[in-house]
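Below, chain A partners chain B and then partners chain C, in two separate complexes.
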Partner chain A sequence: MAKTALKAGARFKSTVCDTQVMVVKAPAGEFELRCGGADVVGATAPAAAGGTLDPALSGETLIGKRYVNADESLELLCTKGGKGTLSLDGVALEIKQAKQLPSSD
Partner chain B sequence: MSEREDSIAQAYAVRLLASLGRQAEAALALPMEHPALRWSRSGLMALTGTPESPLMFPAPLAACADGVLAALAALGPAGALDGIDGAALLGERAAIAGHQRGGAVSPGGACRLLQAADGWLALNLARDDDWDLLPAWLEAELAPGWEGLAEAVRERPVAPLIEQGRLLGLALADARPAADTPPWQRGFAASPRVPRSRPPRVLDLSSLWAGPLCGKMLHRLGADVVKLESTQRPDGARNGPPAFFDLMNAGKRSVALDLGSSEGRAQLRRLIVAADIVIEASRPRALRQMGFDAEALAREHRLTWISLSGYGRGEPQEQWIAYGDDAAVAAGLSDTLHRATGQALIVGDAIADPLTGLHAALAAWAGWQAGGGLLVSLALRDVVRHCLQFDLPADDDALRVRQREWTERAAGDGGARLPRARTAHGVAPALGEHTVAVLAEWAAC
Partner chain C sequence: MNISTILDMAAEAFGDRIGVVSGGQRYTYAELREAAYRAARRFKASGAAYVALLDVNSPAAPVALFGAAYAGIPYVPLNYRLTPVEINKLLARVAPAVLVTSVDFSGKLEQRADIQVIDRAEFLSLPEGGDELPQPDEDPRAIAVQLFTSGTTGEPKAAILRHENLMSYIVGTVEFAAAEEDDAIVVTVPPYHIAGISAVLSSTYACRRMVQMENFEAAAWLDACRENSVSNAFLVPTMLQRIVDHLVEAGSQPQLPALRALAYGGGKMPLSTIAKAMQLFPTVDFTNAYGLTETSSTIAVLGPDDHRAAAASSDPAVQRRLASVGKPGAVEIEIRDDSGKVLGAEEAGLVFVRGPQVSGEYLSLGSQLDDDGWFPTKDRGYLDAEGYLFLDGRADDVIVRGGENISPGEIEDVLLGHPAVADVAVVAMPDEQWGEGVAAAVVLKSGASASVAELQELVRGKLRSSRVPQAIVFKDALPYNELGKVLRRIIRQEFV
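Then we have the complex of A and B:
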């Protein structure tokens, strides 16, 4: 399985659903980032041959939500929602709690 | 010339009323002052310019605030808004918080104009954790603080910065405005007035300034206003100056619901359908993700649903966030002042917020009087642009001439006065103080 470096600002898309994400922050190193059970690809990569969504990994992504790993060293922003579950090295990512509102603008 | 200029606020009020299919039935209550003096006397001039020198603005924004307030007063019960100074409302947050003009930095300090490779943009880092997004925005590690940020932005073109920033949910704006003339509201359909036996129930789901001001004005007109907050994410303005929060929210009742629970959402739905007017300023997807379809609710329950946003509904703009300072930049205020003076400056203190709040109150009240069943969308950027373009000199030469003439006029009147705030009548309710009572009263099955 392909491991890839995750750099802040990098954008990826799922090959099995509509999900797109942007890396907000990530630890150094290479990781296996997947959505719906299949490796994600760069957002500008040509459309991959239609993979199939693993039904066990169809937990859905929601636009605007942040997805984090257990220690929150990885944070992805969902820029387009889809059906697949995001995972890092085989562990599903969780939705991060919404930001507090500012006290003024 | 001068006589025409003195009646700009009146002309603006008439224009707004006409756009709602209404006209003033009595004389409009307006300060008969030159628009340059409305700017200098209201505190807006003191809030615009470099720390060394306050600046005139060459379009009658202060007079437009007077005009929208007069239009609202004309539709409401006689005398309900007496004693409120429309233009001064735009400076009262700064008066309370002690904000001062800072050139290219907003008085509140969170928004700045930044020079990019091919233009200027405004970036508003209103939330502390917005700073965490900057490496992703610029795809680079940064030296901390605004200086490192300014340096990194200087080398990059505006358009991709805006695109990437919007994906990240940053509030930012191209200082060069789109060359359009948007309506100040969308969705209002004029229809005959329906008799009303009681004042409207208003459910205010908004936070900060624009929406709460709208709700507060409706309260002044006699509405029963309920401020609804999520227990997880209450209005951030509760953490700001209490005098300002009281000014916006005293007299409203407070309901707090756990919107993460299905029970809380069911309670919210019951309150929405029991309301006449809903004020809401979240991104449409937030409500949709909770299972609420604003358009359908408005139609089916005869609501006047006021949807406030930075740039309007529909894709892609409904995903873009905005606050009062950056939306005003997007509307072209900084560009206009730059053309008049050669300086890159923020205009006023989050000026899009109170301007939009006043316009929203007008749309809400008129919609309720017309029987509801409407979703009326007001975009901060579009409201400000509507005000800007109402009486904007046709070209840069004329703009500079007006800047000079209006500056002289203000100087002859003693120059810039400091902004001032009204005193709240009472204190704002504690979070959730009226949850039980309002649920029992409004949402009785």
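Then we have the complex of A and C:
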């Protein structure tokens, strides 16, 4: 499977659901970023056909939530929700608990 | 990474929700995005290096901000209160540019071939111009917003905020779609101020309806809040002071049942004002927000619980927190002395800040961050043992008397404690013996009186003799800028 460098600011989309993400922060190196069991592609890439969502990886993504790996070295912002589960090198990402500040503006 | 993602997400999740209300105009998030798309096409076709705005609050401000982001062109809102000479100088620095303005200000402009002027009404009714969606620039280092500083010393500096700075601030401090369907925030800060930029970005990300006001006036603000069932507001201290004064003079209650949260910042809040405001709005959550242009807005907040705890406490260390700007938000803060040594709790020095939202960068001057990424705010202050930050004025305002650093703030606090004193500013004055001496401009309450000797004696009793103002002048009012910052450079001229 294809490994991709994840740079802060890069945007990706799922090939099997509507999910789109933006990289907020990422460790150096190349990783297998998937959604719903299939590799993600660049957000501006032409729509890829034929992918099917793996039912075991359909835990859904929610717009506005941040997804992180165990040590929080990777953080993705979901900019569009979908049905697939996000995973990094085969491990499902978790929703980051927001540190919500009182509204200042 | 591009701040246009903020509007994309709001339009995606709550396209039908009203995003902007301005007089009789209303835009849903979907309509706001469509208007920003059209603006982006127009900006791209212009070949401009900048998108400038010279106008009061209107839907054109968010449309131009997001439109510029979609087009990948820096957005530069200008201060419409500047003189024509100052405005035209700034325009020369951003040419070639597209300038969105209104008839109120177009008379101030010199005609230039490299500034394409679009009237606000025309800008808000641009033709569709094609189905192609803009593909925003993804470079996180691209410049999103450029703001000219007020330029109290010399030419205004061009502070730049990159997409990564503003996105870090929003994603790090605001919960997406946190607002309820009925929530609304009233926006009174002008579009050229960092608080005006962050109001648009935060409100859009929270999917909170913005109610725009062109100008601030206490009675009109109360009316606007009532008519629009406003739940949230941001005010600079002078605005809150005027609202408090208005309510006290009228002897009336605010009668704003929908108002839940009131944030303030942009200058020092007098303790008497916030204390009175908390009495007038007992159910409202108050938040003090401290931030700078160069830090993409808020870096520290004193939250509602801190306000209530301070007001209710009999412990002086907790009580005084009402005068604090709170704890760091999504950044780190440290205090250093003049030699760069990091100071401990309760030790006053210079405030440094570090974090992804901190740009600390000016065009042509470059980055002001040190090797470890810390930005010198040039504010003075200290942290208490629990990490609450207290500010003590600008480093530039410190009076150096015979090698001793004197902060105007502590003297001002003492003078404000005199029952006859309504307002005061302490500044440096030239002194042959000491290099600099202490001077004070004092405004007395109407009908009240106090002598120079009496005020000097008050300071001598509470502080050291070196703090006693050697000159005191009485004024009818102190000079303030439109956002409530006292203009010390003008007061200093009184004592030259």
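Convention: the second predicted complex is superposed on the first by the 101 of 105 C-alpha atoms of A that agree within 3 Å, B and C clash if a C-alpha of one lies under 4 Å from a C-alpha of the other, contacts with A are read in each partner's own complex, and residues count from 1 in each chain.
Throughout what follows, contacts are C-beta pairs under 8 Å (C-beta built on N, C-alpha and C of every residue); 3 or more make two chains touch, one makes a residue touch a chain.
Being a predicted model, the structure only gives us computed values, none of them experimental.
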#### Entry: Fit or clash between chain C and chain B when superposed on chain A
clash
### Task
Have a look at where A:22 lands relative to chain B and chain C in the superposition and call it first, second, both or neither.
both
### Query
Is A:44 in contact with chain B, with chain C, with both, or with neither (first, second, both, neither)?
second
### Task
Examine A:79 and indicate which partner it touches, taking first as chain B and second as chain C; both and neither are also allowed.
both
### Task
Mind working out whether A:96 is in touch with chain B, chain C, both or neither, as first, second, both or neither?
neither
#### Entry: First (chain B), second (chain C), both or neither touched by A:8
both
### Query
With chain A superposed, which of the segments 79-87, 385-393, 403-411 or 421-429 in chain C collides sterically with chain B?
79-87
### Message
Under the contact rule defined above, give the chain A residues that sit at the interface with chain B and also at the interface with chain C.
### Response
8-11, 22-24, 63-64, 77, 79, 98-105
### chain A partner contacts - residues on chain C that touch it in the complex
1, 5, 8-9, 12-13, 135, 138-140, 163-164, 167-168, 171-178, 185, 195, 198-199, 202-203, 206, 232, 234, 261, 263, 265, 285, 287, 289, 291, 297-298, 301, 303-304, 329-330
#### Entry: In the complex with chain C, residue positions of chain A that touch it
8-11, 22-24, 44, 63-66, 77, 79-80, 98-105
### Task
Note which residues of chain B are touching chain A in the complex, please.
93, 97, 108, 110-111, 124, 126-127, 129, 132-133, 135-140, 164, 167-169, 171, 207-209, 232-240, 283, 285-286, 289, 319, 323-325, 350, 353
### Summary
The residues of chain A that touch chain B in their complex are 7-11, 22-25, 62-64, 77, 79, 97-105
